[in-house]
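There are structures below to look over.
In the two complexes that follow, chain A is the common piece, with chain B as its partner first and chain C second.
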Partner chain A sequence: MNKKRNRINTLKGLLFLSPNIIGFSIFTLFPLGFSLIMAFSNWNLSQHNMFTDEPLKWVLLQNFKDLLGSEDFWRYLGNTLFFMIGIPISMAGSLGAALLLNQDLKSPSKRARSKGILYVLPLIAFSSLLFLGFGMSIMVLIVTGIFGVIYIGGVSGGSTVYRTIFYTPNFTAGVATFILWKKIYNPQTGPLTTITQPILEGVNAVVLFLGKDTIYIFMYVVVVLAIGSLYWGLNTFLKWRSEKDLGYIGLIIGVSALILPSFFVLHWFSHPIASQIMQISVIATIVYFVSQFIAKSSDCICHPEKGMGNAIMLGLGIMALQFLLIGLSNVLYKLPEMSLVGISSPSWLTDYHWAKPSLMFMGFWAAIGSNSMLLYLAALSNVSPELSEAADIDGATKFQKFWNVTWPQLAPVTFFIFIMAVINGMQGGFEVAKTMTGGGPAGSTTTLEYFIYEEGFASGRLAFASAISWILFAMIFALTLFNWRFGNRYVND
Partner chain B sequence: MTRIFIICLSIISAGTAYITLTRSEDLSGTPILTWVTDPNPARYEQIDFFHDWLIAQGHTDENGDPIVRIQLETGGVDNKKIIHGVSGVAGDILDMYNEVDQFKKLGILEDLTDYADRYGFGPDQTYDAIKNDIVIGGKQFAFPCNVTSHACWINMDVMQAAGIDQLPESWTVEAFERIGKKFVQNMNSSNEAQNYFFMNNPGDDQFVGWITVLMRSKGGSFYNETMTECILDQGPFAEMIDLNIKWIEEDRIFPNAAEASSFSASGGYGGAKMSLFLEGKYGMINLGRWLLVRMREMENPPKVAVSRYPYFDYENTTIGSRCSSIYKGSKHKDLAALFLAFLASDKYNNQIVDCADALPPNPNFCSSQRFLRPSEYPNEWGAHGAAFRSADEVAIPDAKSLFISQQILGRELRTAFEKVQSKLSNSAIASLQAAEAVNEEIKRNVSNSLRLEKKFKNALALQAKIDAFKKAGKKIPVDWISNPFLKKYYRSLGMLEETK
Partner chain C sequence: MNAENVEKKVGSGFYLNHTLLTTISLLMALPFLWMLLTSLKPLSEVGGSHWWPKDFKLENYKEVFSIENLRYGRWYFNSLFVSFCVTFLQVLTSALAAFAFSRLEWKWRDGLFLLYLGTMMVPGLILMIPNFQIMIKLGLMDTYLGLIIPAAFSAFGTFLLRQFMMGIPKSLDEAAEIDGASTWQVFWQVILPLSRPGLITLTIFTFMGNYNSFFWPIVMLKSADKYTLPVGLLFFESSQGQQTNLLMAAITMAVIPMVILFVLMQKHLVKGIQLGGVKG
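Up next is the complex of A and B:
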């Protein structure tokens, strides 16, 4: 009787699942398998379809060989990875937003403080706008109005209002927001240009006033900061290692991330002396620390995977910082020359060098209020208050409390968000490129996903497009394996 | 839960059954054909005219209604049409823009030769220059809905405001540049930021046509005589890139891409650049006659005139068509053929003449007063005749290689231009890279297809003979050359031996 009932229940269960199973099999599993097989053929829409009799040829690994030998593939992979440099910043933004939204705005003291700010902040904002010469243009009124409404809503409604507003980008249709951003990036009438142009004019005046030599001093300061951040990162790793808190796997990954920007310096840096200083310092720093790591290696034996999560996060964070500082020092090098002809806002989306950063910047906006923020919010609500109270009793500062109590508790979710962001980053970029730049100018915003579309549906070479997809899959799979292998260990670290 | 599942399933099934049973075709029994075309407002009127024409021609059912109806699908961008086509689910009538050869290669177009004989829409009903497009390998695969020959459409109100009273119908590059500089100088003298430009940005959707004409006017071609090799690196392509960038960056007669996108302008049919032209921001625009469709919606449309594209030594322009064809997978090919017959009719040609949706398929309709001087639009009287003469006298169809998609060529041309504009490369290197990329693609396509490989070998053998004849200074038999531009250009130079 029980056996019969079990069988009926199984059948019922399968009946319930059947729409999903059938849909998955037809629309996902079959195309997936089919594309794998076709990646080894010469399938081209214009030659092989239901109306033509051209025989299909099996070319085995030729598509993969062509792909790996193609300059475009590596360039578009580079573009994809470039967009992914923003992941640590986006994650930091999501965490920052979550920390802000986790504040209890309804507690009496905070409400009073917020109300105080409510009156002061708009006044300061308006005064600044007028002082900077924005006047009362429609755009300024709209932007100020929106901020005002959000601000008042938040102060009256508490964090729920802010949480809803912050999450808005995630449930707004992608294409609609891209078109909105296209307007924001409008090089003549867009708010970004309207805001940056007076600032740049101010910078121009300051640069002319200070002169080339003074600006170069700032450039050297930034170069020193970049080297300093590398030094600090390596030193932290050394410290963790001597405290037996960092295994060699984490060390290798973290150090690799830290020294990556140094390789780009060779291509990016324009100023010969600063470039030489930087290269020599970086090499010296690396040599020093490598020798230290080797010298102390016998004293620092711990589990190879220990502290890997912290090492990855710190490595990536400093890597992003170094990229920013190197970029800034390059800008400072060019500033005196630029100020002679007048510094103006760039053509955000139509300039080869600005199109990628512009799209990346837009990505920050979307990422900060994304599911990552929600996950962080959920994780923050799970942070044990006892630990926090214990830290208070021990006299920990706010930062110490965050770094030693909150941050370790957020480790599982951070690792999950990171892996998901990397996977999405590898697979992303099509919608935004199609809508905003068409992959240009000169392919500067073409990502692997867009490349697949172009090859598959513009050129009709579906076999080649399948090969790209499977190479992309292999890369993502490797990352996922990495997650399976090390994720749990990091979580329990 | 089981009940909820069954209820949901029942509702969905009932809804599906209802929609299926209430489809108009099933109710009235009249077949409905899908016409995949562009979102031009004139299409609705054309459908009504087709239904009227069917009745007038006696193609009716027992109730006196048309035996077939047309419904529009206007979201059919090329890639979507191709995917639908090769998947067996495309609309019955497909519109194509100078791409009949590409769609024919896919094998998704019906051979219309017999239908054309039966219903009278053969190639003799249209321009000679279009025949290359619609007849492939001796078989007809399409018929033009309209014909477009690009020219410079001029806003004479703005020109006059710039102190330019008249522009020549035909002009050299030197005259074009001189007048352009005068225009921007006069129109922008009091403005800090430049708001007025002589013409739209050439790097937009008309880029390939624009650069083709300029190149050809210096004897340059994208392909060799048999279209087996891309010769961008050997011709004046690099020079034309530099010239256009000079016009954008130094002479400022064209806006750059950022400026073109930054003016606040609405989109709509014809895009933002047409809005800018109609607003008077651009003195002229490089488009076809169909721009008048939108212009006529204005309360006070500007006075317009037409000049041909400028040239160096050899005057020419492009000619193309929006062609309709019948999808091979259609269930109603006979009825769809009636629609193509309608395209060749007086009623349709006159409708194109009246609505200004480019040039009518039959050139005989372009000499009437109805075409030249439409009574309701005196502001256009100086434009229609010149637009037709440009198409009739100097237009040469595009060179389309059997061995590569035009889309790929266009992509490489644009990339080369953008590379130079972004200072990533100089024009010579960019041209060489573009030529290499196209030739690589040709090689790949040929190696993937036995059919193409055979044709390619034959074409290469012919090319070797042509090269030998050229080297020896001998006249080349006209039939050896498949590149339509080189055929006409060589003829003008007396290099061809005509077939007796």
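Up next is the complex of A and C:
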């Protein structure tokens, strides 16, 4: 009786599942196995099509060997990773937006609401009159008007109004908005060049006025800042370590992230003296701290995974900062020379050096109001008010309160968002490359996803493309394991 | 006195926050503003440094539909049609599977569910190449069916709805069973109505994902009649992109359904994302 019932239940279950599992087997399970097997063959559309159907050959690991030996693969992997420098910056933007939105934006009383509106109305009217009086373009008037509309909407509607506007670029992100940005970046007809040109002319004038030496002083300051941030980061790790707050796994990951930009310095930095200063001090800093860490290694008998999340966040944050500073100092080095000829707006997407930053800037626009912001908002509403009140009583400043009370409680969400962003980043970049740059100029915006498309669907080297996608999967899988292993632990920290 | 202090503090920060937020909102909206204004310009004004059109040309929006070699109206229909079909089928198959995984007790349930979960990690890219070959073998290249069928089954949708259905108290279907309801009736009349918020969230996700999807359509579609909006817009840009005003009108019209959907549905969407993310 019981057995029969079980059998009926199994039948019912399978019946309900059947529409889904049939499709699932055909379009997910079977392709998965098929693609894995084919990655070991020489499957190529130019040899295996309806006209010349040569038998498949098993080349075993040859595809993987070719791939790992090819310069293109490492370059495109590098591009993919380079685009990820934007992740900490976008996350900071999302967190900032969430913090702002989490303030008490609903006005306490009707009176305050009308006061808020009353206070901005004359401002708008006045500035419009001013602009009109000075014969400014009608555009300024429109922008002021829109400012007023959003403001009034926000004061009366609360955070939902802003959240909607923040989220729209992310929600609509796709081919349509990428084409829009391609037009914005167009060096001849796009609006960005008209906006940046006067600014660049101003910069040009300032540079000429200050002279080469002053600019170089600024450059040295930036270089010192870059080294300083490295020093500060390592010092913080040392401090955490001596306070027994940092296990060796976090230490190794964090320190590697911190040191990584220094290796690019050799590659990118062109000013000879500054480059040498940078190298020498970076090496000195690293040697000093490594010896410190080794000397104190016996002091810290804490769990190897302790404090890992914080270490990763700090390491990556400072890594992004260092990249920015090194880039800035490089720009400063080149400025005087450029200003002699006259700085003009770059041709954004078609310029080898500007294509990546341009795409990252667009990504930033779409990523501030993304799911990360929504997740941060949800997490912020869960931050316990008791702790925050206790900090108030102790007289903590706003920043102290954020750093010591709010940020630690956001740690699990931060970790989750970061891992998700990295996983998405690993397998992204096709749409942008296909619509905006075609992977160029000279392959500078080709990511692994676009590489797979090119190899698989444009060149027809299906086996080779399968091999790339499996390597990609292996990397993503490692990240997922990392997330499982440490994500929960970090929550309990 | 204390109360007064608190009120004053709320006051000054309040206006500052709003001013700051409004400024950021305005900056975020600028690209869209440029898009809108350019779409209203005549061709002669495109590329000028002024944003505000001197001559308004609303007819751009009508003209988009009758450009030579481009079939914008058809693409619009294709996109909506394919997205509707995929959404309907995916929500239906996912709901059925989620019911089997959450409400019924049977032998291979947990093993199969684990298999579903495992495939969610796999990048979609891996599946594209074999699926492309399957489509060629089935003769579905360059057809609507070729776009719809592979997208109609989703491990993610099943997972999302299963999580949702797990939260519905078990006593409800037991009560219905005692009243003599069949399993189908429990599914159709008890569980489905109760999972409405989850169904709505999945519907929005699926619809948006499909309306925006690009990789699969560009691989599958060869003839301009079958293009969906993303593929069509790219074709427009690469073949007649110098008509920036018309292109912007086309993009504006492509973006508007998404904005409307978001504004109407944002409550469900935000909740869905936050639930999915926080629970991991």
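General remarks:
Note that the second predicted complex is superposed on the first by the 422 of 493 C-alpha atoms of A that agree within 3 Å, B and C clash if a C-alpha of one lies under 4 Å from a C-alpha of the other, contacts with A are read in each partner's own complex, and residues count from 1 in each chain.
Criterion: a contact is a pair of C-beta atoms (placed from the backbone, for glycine too) under 8 Å apart; a residue touches a chain by one contact, two chains touch by 3 or more.
Keep in mind it's a predicted model, so treat the numbers as computed, not measured.
Once chain A of one complex is fitted onto chain A of the other, the partner contacts of A:Asn6 are limited to chain C, with no touch recorded for chain B.
Using the contact criterion defined above for the overlaid structures, shared-chain residue A:Ser347 touches chain B, although it does not reach chain C. Using the contact criterion defined above for the overlaid structures, shared-chain residue A:Ile21 touches chain C, although it does not reach chain B. By the touch criterion stated above, A:Gln292 is placed in contact with neither chain B nor chain C. Of the two partner chains, chain B and chain C are each touched by A:Phe457.
Contacts of A:Leu472 after superposition on the shared chain: chain C is touched, whereas chain B is not. With both structures placed on the common chain, the touch criterion links A:Ser35 to chain C but leaves chain B unconnected. For chain A, the partner with contacts to more residues, out of chain B and chain C, is C. By the touch criterion defined above, A:Gln279 reaches neither chain B nor chain C. When both complexes are overlaid on chain A, the residue A:Thr194 reaches chain C alone and has no touch with chain B. Comparing the two interfaces of chain A, the one with chain B and the one with chain C have residues 12, 16, 182, 188-189, 457 in common.
Residues 1-2, 5, 79, 82-83, 85-88, 102, 105-108, 193, 256-259, 261-264, 328-329, 405, 407-408, 411, 414-415, 418-419, 421-424, 441, 444-445, 448-452 of chain B touch chain A in their complex.
For chain C in complex with chain A, the residues that touch the partner chain are 7, 10-11, 13-15, 17-26, 28-29, 31-35, 38, 46-47, 49-52, 92-94, 96-97, 99-101, 104-109, 112, 115-116, 119, 121-134, 149-150, 152-153, 155, 158, 183, 187, 208, 212, 214-215, 218-219, 229-231, 233-234, 237, 244, 247-248, 251, 254-255, 258-259, 262-263, 266, 270, 273-274, 277-278, 280. Against chain C, the residues of chain A that register as touching in their complex are 6, 9-10, 12-14, 16-17, 19-21, 23-24, 26-32, 34-35, 38, 97, 100-101, 103-105, 107-108, 112, 116, 119, 137-139, 142-143, 146-147, 150-151, 154-155, 160, 162-169, 171-177, 179-184, 188-189, 191, 194, 365, 368-369, 371, 374-375, 377-379, 413, 416-417, 427, 430-431, 434-435, 449, 452-453, 456-457, 462, 465-466, 469-470, 472-473, 476-477, 480, 487.
Touching chain B in their complex are the following residues of chain A: 12, 15-16, 42, 44-47, 49-52, 54-55, 57, 66, 182, 186-190, 347, 349-353, 440-444, 454, 457-460.
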